[in-house]
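I've put the structures underneath this note.
In the two complexes below, chain A is the common chain; its partner is chain B in one and chain C in the other.
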Partner chain A sequence: MVVRIARKELLEMTRDGRFRVAGGVVALLLLIALGLGWHRHSNVTAAHEIAIAQEREIWESQGEKSPHSAAHYGVYAFKPTGRLAFFDPGTEAYTGVTVWLEAHKQNQFLYRPALDGNTLQRFGELTAAAVLQLLLPLLIILLAFSAFAGERESGTLRQVLSLGVRRSDLAVGKALGVVGALALLLVPAVMLGAAALTAARADSPSGGLVRTLFLAGAYLLYLGAFVGVTLAVSVRARSARFALVALLGFWVFVCLAAPRAATDLAKALYPTPSVQEFAAALAEEKETGIGGVDYDDFLEARKQELLAEYGVDDVEALPINYAGWRFQVSEEYGNQFFDRHYARLWDQFEAQDGFRQKIGFAAPLLAVRSLSMSLAGSDFAHFRRFAEQAEQYRRRLVAFLNDDMRDHAGAGFSYRRDQGLWSKAPAFAYDAPDPVWAVSGQSTALAALVLWLVLSAVLARSAAARLEVS
Partner chain B sequence: MLEAIGLTKLYGSFKALDSLDLSIEPGQVFCLLGANGAGKTTTINLFLNFIEASSGEARVHGLQVAENPLETKKHLAYIPEQVMLYRHLTGLENLEYFTALARHEEYSQDQLRRFLNEAGISADAIDRRVSTYSKGMRQKVGIAIAVAKRAKALLLDEPTSGLDPKASSEFSELLKSMSGEGVAVLMATHDLFRAKETGTHVGFMKQGRLVARLTTAEIGHADLEGLYLEHMHG
Partner chain C sequence: MLLRVMRNEWRGLAADRTLWAVTILLAVVMLFAASNGARWSALQQERHGRLVADQSERLEETRDQLLEIARGGSPRSRFLDPRNPAQVGQSFAAGYALLPPAPLAPLSVGQSDILPAHYKITLESREALFAGDELDNPTNLLAGRFDVAFVIVFLYPLVILALSYNLLSGEKEGGTLALALAQPISLTRLATAKILGCGVVVLSLTAALTLAATVAASVDLGAPGAFSSLAAYFGITAVYGLFWFSLALLVNAFGRGSATNAVILAGAWLTLALIVPSATSLFAATLYPVPSRVEMIQSVRVAGQEASELGSQLLSAYFEDHPEMAPEGEIDPRDYYSLKFVMEDEISRQIAPLTERFEAQIRGQQSVVEKFRFLSPAILAQQALNDLSGTGYSRFDHFRSEAGRFADEWKSHFLPQIFRKTVVTAEALGELPRFSYRPERPSAIAERVGGTALLIALSAVLLLGTALWALRRYPLTA
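Our next item is the complex of A and B:
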């Protein structure tokens, strides 16, 4: 019975020119978005591969110099963009994917395409994720707003109900019809996407397949909720026209108004400094002494400990290279300060993300967006994980170089090392998070989506049970 | 087959239907006559359980409609004033869908075609989309749906209004053959001539009350009109 109803709904939709055009446009946009994403992804990945391959070579062939100069010479670290980032590039355009790691400083990330963007891009980039998040709900509304309201208006509903059809069967059948129509559009895109995924170069954050399945699940929850809401409204609405207007209003709220409001609210509640303000704050604290402790005092205290440890009165008498030791002390003095400043900044960003997830209970778009970026490995949490690992690596590398100088330079100021040392320096390897790690920060978003789906299904079901024939 | 016992429908203090008692046996065609708003459609809606009775009960095949909404509909077929079909589907696809919803999945395509043919849809029209159908053709599809459903009782709400005389006459013939096979028919109509032609019984309704009932065998057409006017305006 239910399948019968679904088949008839699908047949009607495929024969209706309006639906064919709307569906065709969405499918086309999805394909274009996939193509653009693929293009962007393979460009970035290819550039990364070359850069990563050359980076080590450049590092090792930097020539003879003191280890501390080598620390200043620095290295670049590249965040591997996951395979799924071609589907949902998330915040990478804003956070950047490349960082220069050098002595004394935790740098801000580079390669942020958003910096070079034109104003048009502020409306959002055409990504496959955006098509699924914004346009498919619109298509669902167009496909299903008249499901009940239209049949009631035309009078077919009276006839159908006179046959003794269960109202709940009718609702489930119509829902399946919409799902079928969407499947017709999405299956080619999904297959293309799957092919692209397998062909994609570069290591994804681990668990590519699991991430893809989770991602599909998240979008099914989201789109299912829209089907439920649309049918519920269609049952309750006085006329098909009213149903359409009400549903478009809902779409504008969920897909346009709520995301902007959520971002503005998040910024107001958890304010973050601009790049300039952040840099100014860093500079100011450096000036006044980190954590209220002047560098000279810090150094003096550590020096006394060092002298006591070796039982000497003067640095001249130390068996180690004092300059190398001092470089590392200065490093450690700065690190606690970077830890504090960056943690404060990043905690705020994370709080903003958490807040937006909560708004997902009011507007499911925010929930699916958060889950989508996270599973694609392109959200802020993944960025932070990478940034923190890169920073830990920077400290290991700089310490390795300073320690070499401390232990081997003696009292000499003209201490030089070469490739022999550079090639022994630790290389950066990103420990990519597994899918479970990605989802663990998304429990609020997941709960919001599940709640939306369940609520919309209950709503549609209870509305259908009280379906009026006229 | 169709039975109303003290059936009443109130909208606030307005009596849309006032204690209707009615019993229609298999093979009988009961024509409800009366002005618009007299309660004819209300009666049909109550038998279909589209609205809830304020008091009294409607029964189909001995079963109370309000308590067995799905079971009683198995025995019923309903043809409204305008049979509405799915415009993007062909006549055949419409019939196929409606019979499937009525849980008659047993028909082959050939059998479905025969139903449409017997209802008067020409072979070339069967596979055309119904958006090209005239009202008469749609009413015929409605008949085919009712026939295919093998209903024991037929509820007709002014099924011939707006049909040309030929289509209307064909419709009457189909109705006669169905009642000949033992189907009980309740038909709301304005058409005194049709009522006389196809009905076995007529009832006059006025302001929700069934004010008179007669068997058509007792009366000629001229008499029917006289009686109608007498009851309506008397």
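Our next item is the complex of A and C:
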């Protein structure tokens, strides 16, 4: 019986002009978004690969200088775009693409692509993820708002129930009908996406295919919740018109108002400094030191240790290059402050994102968006991981150069090296996280989505069980 | 008669729970939006104040140090000497270029969350000075803010549509339409009266709530230009509302059922407020793709290497081109600061074509936006509200060029001193260039906002005319 109801619903929907138009538009937008997303993504990836190779070449050919000058010259690290970012670019337009890794300083990332765009970007980007997050729920509402309310108005509900159809079968059948109609739209798009991913050899260590599967699961939960809510409202509503208006209101709250309200609330609850305040606080603490230990004290303590280690009482008598050693000490002194300040800032950003996940219990869009960006590797957590690895690399590189200077006693400040050393310096390789890492921070969002699906299904079922004929 | 229908419409609205629900909802979101805007604006102002204080404190300290040195003392730091003009321009006296917030800033966050309202001006190249930007969680920037402009551009049309989607279809379905038309009134007049009745209520409600939001956000209405900006803010809100009412009437004029009207209007709102803007943005970005900044960095690096290989040759070439900057007597080819700034000048010159390409592409994108903005009243309204609040793109763009002008002035003040190794004194600190923001011509903003208002009004009138024309063939019976 359920199958027969589902088939009837599906047939009716596909014959309905409204579904054809709306479904056609959504499918078209999805294709455009996927196509242009892929185009952008391959451009960025290509530019990125060229840049990495060029940057290494520039580094190695920097000519003869002291290793510490080379550390000042530094290298640029370029943030790769995730493989699934063509589907959901997430925060990529709003995070810098590169960072300069130089001696003594942990720099901010530069060049947010959004600043190189047009002002309309702030209306929201047309991405495949946005189509799934915003437009498909609307399509579901459009398909199903009159599922019960409409049949009740036209009197067919009484007829159907008089045939002895169980109310719960009717609900499940109608839900399956909507799901079938959505599948008509989504299956080709998913196959296209999967083909594109296979072409890009997505099954990398970062788990492209697993991430895709997780993504599909997250969206199924989200869209399933919308089917449930829509059917539940359709059962309860006095009229089809009322069901539609109520459901549109729900959509506006979930998809339009909640994400922006969450931003303002998150910023109020977890404030962050301006760029100048951040720099000033860092500089001030570096000046005064931690626990009253400023640079001079720090250096003196390390110097005493060093002298004791070599059993001498003057730096002149050391068998190492003291200048090189001291550069590294100053590096280590400064790193403490970067660790503290960046961690504090980024923890605050993550707290804001965590708060957004919690709002997912009220507005499931925030939950699915969080999960989607995370699985596509385009959320703040992925950015932070890259930034932290780049910073660890900076420290390794600078230490490598300072240590080389330290190990060449007697040369003092005038010590020079050339390509021989530069090409031996470690290169930066970003270790992209696996899918488990990506979802490990998303348990709240996942719980919110599961809860939404379960609650909406229970609601729809219990409402259908008490379905009133008139 | 017109008035009687309007009065009847009000009675109907007052009896309907929808209006009360909408009023309460709108009041809540407006006040929430106002408090968000006020918080953001206060924070920005506080930060500006701190920057100004920081700058004068730093200058005061430098002056003290210079006086101390003049009395025979020595610099406080081994590495930093306030007598060195390069170090004074780079750090001791480095000033801020600040964009003063406009009076209506709390009403629209606009681009102010991503475009900086202050730059620290040092002797670095323009590329370096303007490369940094505000520090915010990218997820916040992605989602955008809940400000008064958001309520007006996105939510207010929905309120209008929720109250007017069944303007005629509702009466028809309830059977009252035929009754009303039995009175001596034409359908066109009835429809006009109904829409006027509904419109007056919604517009005055929104105006009252916006005014309340303005007061709640403690906007200083006595500030120059504040009052006229607020009046224009109301004007934009009014014509924007008119557009949506006209659209609702037009859809009603087709004579479909209420549910169908609701679907069509929701689809129209979605298309105009969300899909057209993001599709236009995507279209502009595809037509004028901005090259990756990664390329720019590479070019700067390569230009830098070339410049450093030329080294002292660059210095003499520079003084041949700028004899007025040349020091008297011998040129020291190893002078660190002279070399540094001459090299930076050379790098800027080398990468100028690339910088120009970036800017041309961004301008290209913006021109697509300007050409197609009339496709969506939401784009027009958002731009106008941002302009009125002083948070639109053009004001930040103007500020950047102002800051650039000041950076040039700053540089040309210090460069000759650096080349000539002039010793900075306490008196010289009093003669530093100062940044003062020269605002855009008010008439430029008025023209832009006025043009936008006209465009929205024109499309509203067009819709209204079509609706009234279509009403002549309105099917009175289903």
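Simple rule for what comes next: the second predicted complex is superposed on the first by the 450 of 470 C-alpha atoms of A that agree within 3 Å, B and C clash if a C-alpha of one lies under 4 Å from a C-alpha of the other, contacts with A are read in each partner's own complex, and residues count from 1 in each chain.
By definition in this document, a residue touches a chain if its C-beta (ideal position, glycine included) is under 8 Å from a C-beta of that chain, and two chains touch if they have at least 3 such contacts.
Everything numeric in this text was worked out from a predicted model, so none of it was measured.
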Report task. Look at A:Ser330 in the shared chain and tell me whether it touches chain B only, chain C only, both, or neither; answer first, second, both or neither. Result -> neither
**Report entry** Partner chain in contact with A:Val165 - chain B first, chain C second, else both or neither
**Finding:** first
Report task. Report for A:Ala280: first if it touches chain B alone, second if chain C alone, otherwise both or neither. Result -> second
Report task. Scan A:Gln389 for contacts with chain B and chain C and give back first, second, both or neither. Result -> neither
Requested in this report: Could you figure out whether chain B or chain C reaches more residues of chain A?
Outcome: C
Query raised in the report: If you stack the two complexes on chain A, which partner ends up touching A:Ala47: first (chain B), second (chain C), both, or neither?
Result: second
Query raised in the report: Which chain A residues qualify as touching chain B in the complex?
Result: 1, 4-5, 8, 11-12, 15-16, 154-156, 158-166, 469-470
Report task. Spell out the residues on chain A that touch chain C in their complex, using ranges where they run on. Result -> 18, 22, 29, 32-33, 36, 39-40, 43-44, 47-48, 50-51, 54-55, 58, 61-63, 76, 78, 90-91, 93-95, 97-98, 108, 110-126, 130, 134-135, 138, 142, 146, 240-241, 244-245, 248-249, 252, 256-257, 259-264, 266-268, 272-278, 280, 345, 348-349, 352-353, 356, 373, 379-380, 383
Query raised in the report: Once bound in the complex, which stretches of chain C touch chain A?
Result: 29, 32, 36, 39-40, 47, 50-51, 54, 111, 114-116, 118, 120, 131-146, 150, 154-155, 158, 162, 166, 258-259, 262-263, 266-267, 270, 274-275, 277-282, 284-286, 289-298, 301-302, 305, 308-309, 358, 361-362, 365-366, 368-369, 378-379, 382-383, 392-393
Requested in this report: Note which residues of chain B are touching chain A in the complex, please.
Outcome: 48, 50, 69-74, 76-78, 80, 82-86, 88-89, 93, 97-98, 100-103, 142, 145, 149, 155
